[in-house]
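Next come two complexes, and both contain chain A; in the first it sits with chain B, in the second with chain C.
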Partner chain A sequence: MSKTQRIALVIGLVLYAVLPQFLKSYGVYLMTLLCVYLMAAFGLNLIVGYAGQMSIGQAAFYGIGAYVAAILMTKMGISFWFALPIAAIACFVVGLALGFPALRVQHHYLAFATLGFNVLVFLVMRNEEDLTGGTFGISNIPRPSIFGYSLDGALPFFYFAFVSVILLAAVLWWLLRSPWGRAFAALRDNPIRAESTGVNITAYTLLAFAIGAACAGIGGVYLAALVNFIEPGQFSLSVSLLMLLAVIVGGSGRFFGPVLGSIVVVLLPEWLRFLQDWYLAIFGFAVIVLMVYLPGGLLSLGDRFKSGGGTR
Partner chain B sequence: MVDLVQLIISGTATGAIYALCALGFTLLWQASGTINFAQGEFVMVPAFLMLFFINTAGLPMWVAFLLTCLVAMVLLGYTFKRAMVDPLIRHGVIPLVIATLGLSIGVKQLVKAGVTAQAQPFNSIFPDGLLSLGALKVSYMDVGTLVLAGLIVISLQTFLNRTVTGRAMQAVAQNTDSARVLGINVARMVLYTFLINAVLSVVAALLVTPTYLAKFDMGESIGLKAFYAAIIGGFNQTRGALLGGVLVGVLENLTGAYISPAYKEGVALMLFLVVIIFKPEGLLGKTEERKV
Partner chain C sequence: MTPFLEVKEMRKSYGAINAVDGVTLSVGPGEIVGVIGPNGSGKTTLFNSILGQIKPTGGAVEFCGEDITGMSPLELSRRGVGRTFQTLQVFVKLSVRDNLIASAQEFKGTMPGRLFAKPDAGCGHHADQMIDMFRLQHVAHLPAGNLSYGQQKLIDIAMAFMPAPRLVLLDEPCAGVNPSLVDQLRELLLLLNKSQGGSFVVIEHNMDFIMKLCPHVICMVEGKVLAEGPPSEVQANRQVLEAYLGN
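Presenting the complex of A and B:
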């Protein structure tokens, strides 16, 4: 990261932290939702952008996280602070179990497997009424409190989610710069050379997939606490597809790509409300144009004008 | 026992429609390496086109069908290939897959915003009522669907195996470079594949819309089933798509009747996942060598 980029990042974060003070509760809700969505999107970027695999099932993990937390908190009275790691670990384990067989056969099979998995998870959420509440979902999910300080209000919960997503991003940033993360750069640039220097491609990819799934699970827990109510429709296949498009539109394999992409799919439709259904229609066709002219995503626009200086 | 046979027959009829879509899907993959995630929307658009020609333009069914085939060949065949596949396929499979996802969302929302969000009724070309064969009762619609889909599949297979053009298309699918060396016009053969896919989609729309109703999101479900079918049968085998389609249709019907209607899709979905994990080349497929 160059100095200017670092300054820009700090300014951006400060602005984002101050802005909700001037917004009504719906505005604060949207800004919180963006933070929550970003947790899952950062995870997806790890899978798509760094490990080079297509996942069309991120919403399934988002949903597993949300449902595990909601069930633990509402039906068993377990606190948020225990539900969070349990949900994350559950997603990590499920990610390993799904990714291990699917990644044995390279190519696009992880994409197919995650797609099928998402549909399956959706069916279970919708049909297992005893556990998941079926189409009625689960309501009255409580918000956590921290050191005795309640996070029920819109603003306190916003700051909680905001700090959490920064922490999550920091962990991922650190991971990608560790020797483990460096192996990805090697994989992406030259898989054969990487393998010959002892990088176990399958193991690395699998771990990336599971960590990405765990990130989505964490996001899901925050989502459940944010909206207090979850139902299967929030985690359908189309949600996964939109999230994948968000990461790619922003610039997959760029650390801040998901941020831009999530703004495009979470915040922009609200600002451009007058467009209604046309918004997604325009978005869909814009994706095609983008793929033809700028397959690296919006963030690669800068590189078009000056080479180097990217945040890859 | 009679119930079982009836379920299997109607499941096969539904499966035949899935097979038509899956067939187009595998043809595109073989000829050009295109994974088309908008395949379901390729069925939805012709359904609305036919409705337009019938209701607004007041044309008879068969004229509407032929006109729709023509429009679909131009729009979903030629234009799709020239505007999306040709410029994108050079970047590899992933950008193209993403672009077809974009196309799927774009077309769906365009119809929702610009045409209607309501489900539109669509008359079947077959008469209502049941055909009795002893104790067995089968609806004319199922019989008609089976016969029509069967005819389409048989004529397509005959075309691919018996005509010079068809064999040239197969050659392109198997090895593009050798085909080119042999003097086959590869670009034209690939274009034919796209045109065939468009027509198959129109036929599927004609057969499926009476049950599904014409709605902007009708393609989601049928696209997904075609996708299961193509992969279960074998991504690189036309026969595989047929087997996969029928399997998905029959399994759906049997699961709905004997296990739970809520999990209608469940068994086919499980089969899909098992195939991906244990036999990724599909039930009938051959292990795929890397396409050069």
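Presenting the complex of A and C:
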């Protein structure tokens, strides 16, 4: 990261930390939701952008994390601080299992395998009423407290989610700068060559899915605490597609790509609400224009300026 | 001399077509063996059968006395067997330097240990040496996919030698390389053979290159070994000339 990029990052973080002080509760909610969404999008970027695997099932892990935490907290009275690692580990294990199809199929075949997984998880959430509450969902999910300080308020929870996503991003940054990150990229760029240069493609494929799933699971736990109520619709296939959109629109395989992509996916529709009935149509049109003119994502804009080229 | 690599009666069939038909060859320690033959003679299929990229129909491969028949490329790489590919196989989005580091880092320590290792896994210095040797300094930090075919070919070869393998199988290293680089490439391979001490098996159509590089040459035609011996003998062999030029 260059000095200019580091300065831009610090300014961005400071602005993001200060901005909620001037917003109403819905604005603070959206900014918190963005942090939560970003946890899942960072995980998906690891799977899709760094390890080169296709996934349209990230919302399933988002949901598993949310439901595991919600059930543990509301039905068993377990603290958020225990529910969080349990949900993350549960998603890691399920993500590891979902990685196995990726060892046999690739590209759109893998996309359909993960899509099927998302539908399966959605159906379990909707139909297993005794456990998940079915379409009525689970309500009264408590927010945590830190050292006796309650995070029930909108602003305290925002700062909690904000610091958490920064910590998660720092861990992923470190992981991707380690030799593991290079091995993931080798797997993405050329699995045949990667294997002949000693990269254990089985282990790295499974780990990419497992770590990406754990990130989504952590995001799901925060979502449950943020909205205090979860139901299957929050984790449907369309949410997975929006998460994938966030990664691709921001810049797949670029560390900060999901940040810009999540802003587009979470905040842009809200900013377009003044268009009333037209806002989703305009949002869709904006996404099409972005993909046509910036197929490498918003973060490829810098490369475009450097090369002075047109669209690919 | 005890054979380092021994291929015994290797066969690979696709239906009624015998792509490799009972090939036997041996390579000694530090030896460079050339494999020539017209297109479709089974050279690359032989390589892929030795290297576990495809499953042979019959025969056996021994490396340092161990049966390695059908082992995966990953298992072979851990035993010190490297390769280059006929078509370009580099990590296109990684820089040249990262391509080289990626080719060696997995042989350093354990997988959990590498998570906590330095970003270059201790391979950075060696990668820089290879970059100097292959004269890639000016492009070392560019993505490999942005470079010319010839440059990528050099990266491909440098990658194979990064972990200092004991045996390297090179599949048409001169294909697509600028003729002015061919002599440089031969010098590099001789230097690596001397410095790393590994054995090479080289498939190549460039006769001048292979005759000057390899003290022992095998000619394959229609999946079988037609002739083998010193380059001058093979080159003068009437059957070899007929296979290349027709009757």
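Just so we're on the same page, the second predicted complex is superposed on the first by the 273 of 312 C-alpha atoms of A that agree within 3 Å, B and C clash if a C-alpha of one lies under 4 Å from a C-alpha of the other, contacts with A are read in each partner's own complex, and residues count from 1 in each chain.
Assume a contact is a pair of C-beta atoms (placed from the backbone, for glycine too) under 8 Å apart; a residue touches a chain by one contact, two chains touch by 3 or more.
Since this is a predicted model, take the numbers as computed values, not measurements.
*Asks:* By residue count, is chain A touched more by chain B or by chain C?
*Replies:* B
*Asks:* Is A:256 contacted by the first partner chain B, the second partner chain C, both or neither?
*Replies:* neither
*Asks:* Based on the superposed arrangement, let me know which partner A:179 touches: chain B (first), chain C (second), both, or neither?
*Replies:* So A:179 only meets chain C here.
*Asks:* Looking at A:109, would you say it contacts chain B, chain C, both, or neither? Reply first, second, both or neither.
*Replies:* first
*Asks:* Regarding the shared-chain residue A:197, is it in contact with chain B (first), chain C (second), both, or neither?
*Replies:* In the superposition, A:197 contacts chain C only.
*Asks:* With the two complexes superposed on chain A, say which partner A:229 touches: chain B (first), chain C (second), both, or neither.
*Replies:* Neither: A:229 stays clear of chain B and chain C.
*Asks:* Go through the superposed model and pick first if A:119 touches only chain B, second if only chain C, both, or neither.
*Replies:* first
*Asks:* Output check: A:127 vs chain B and chain C. Expected answer is one of first, second, both, neither. What do you get?
*Replies:* In the superposed model, A:127 contacts chain B only, not chain C.
*Asks:* A:188 in the overlay: touching chain B, chain C, both, or neither? Say first, second, both or neither.
*Replies:* Second partner only.
*Asks:* I'd like to check the shared interface: which positions of chain A are touched by both chain B and chain C across the two complexes?
*Replies:* Shared contact residues on chain A: none.
*Asks:* Name, in rising order, each residue of chain C that touches chain A in their complex.
*Replies:* Touching chain A: residues 51, 53, 72-74, 76-78, 82-83, 85, 89-94, 98, 101-108, 111, 114-117, 119-121, 159, 162-163 of chain C.
*Asks:* Taking the complex as given, what residues does chain A use to touch chain C?
*Replies:* Answer in residue numbers: 175, 177-180, 182-183, 185-186, 188-190, 192-201, 203, 253.
*Asks:* Help me check something: in the complex, which residues belonging to chain B touch chain A?
*Replies:* 35, 84, 87-88, 91, 93-99, 101-110, 112-114, 117, 220, 224, 227-228, 231, 260, 262-263, 265-266, 269-270, 272-273, 276-278, 280
*Asks:* Which positions of chain A touch chain B when the two form their complex?
*Replies:* 54, 101-102, 105, 108-109, 111-113, 115-117, 119-120, 123, 126-127, 237-238, 241-242, 244-245, 248, 276-288, 290-292, 295
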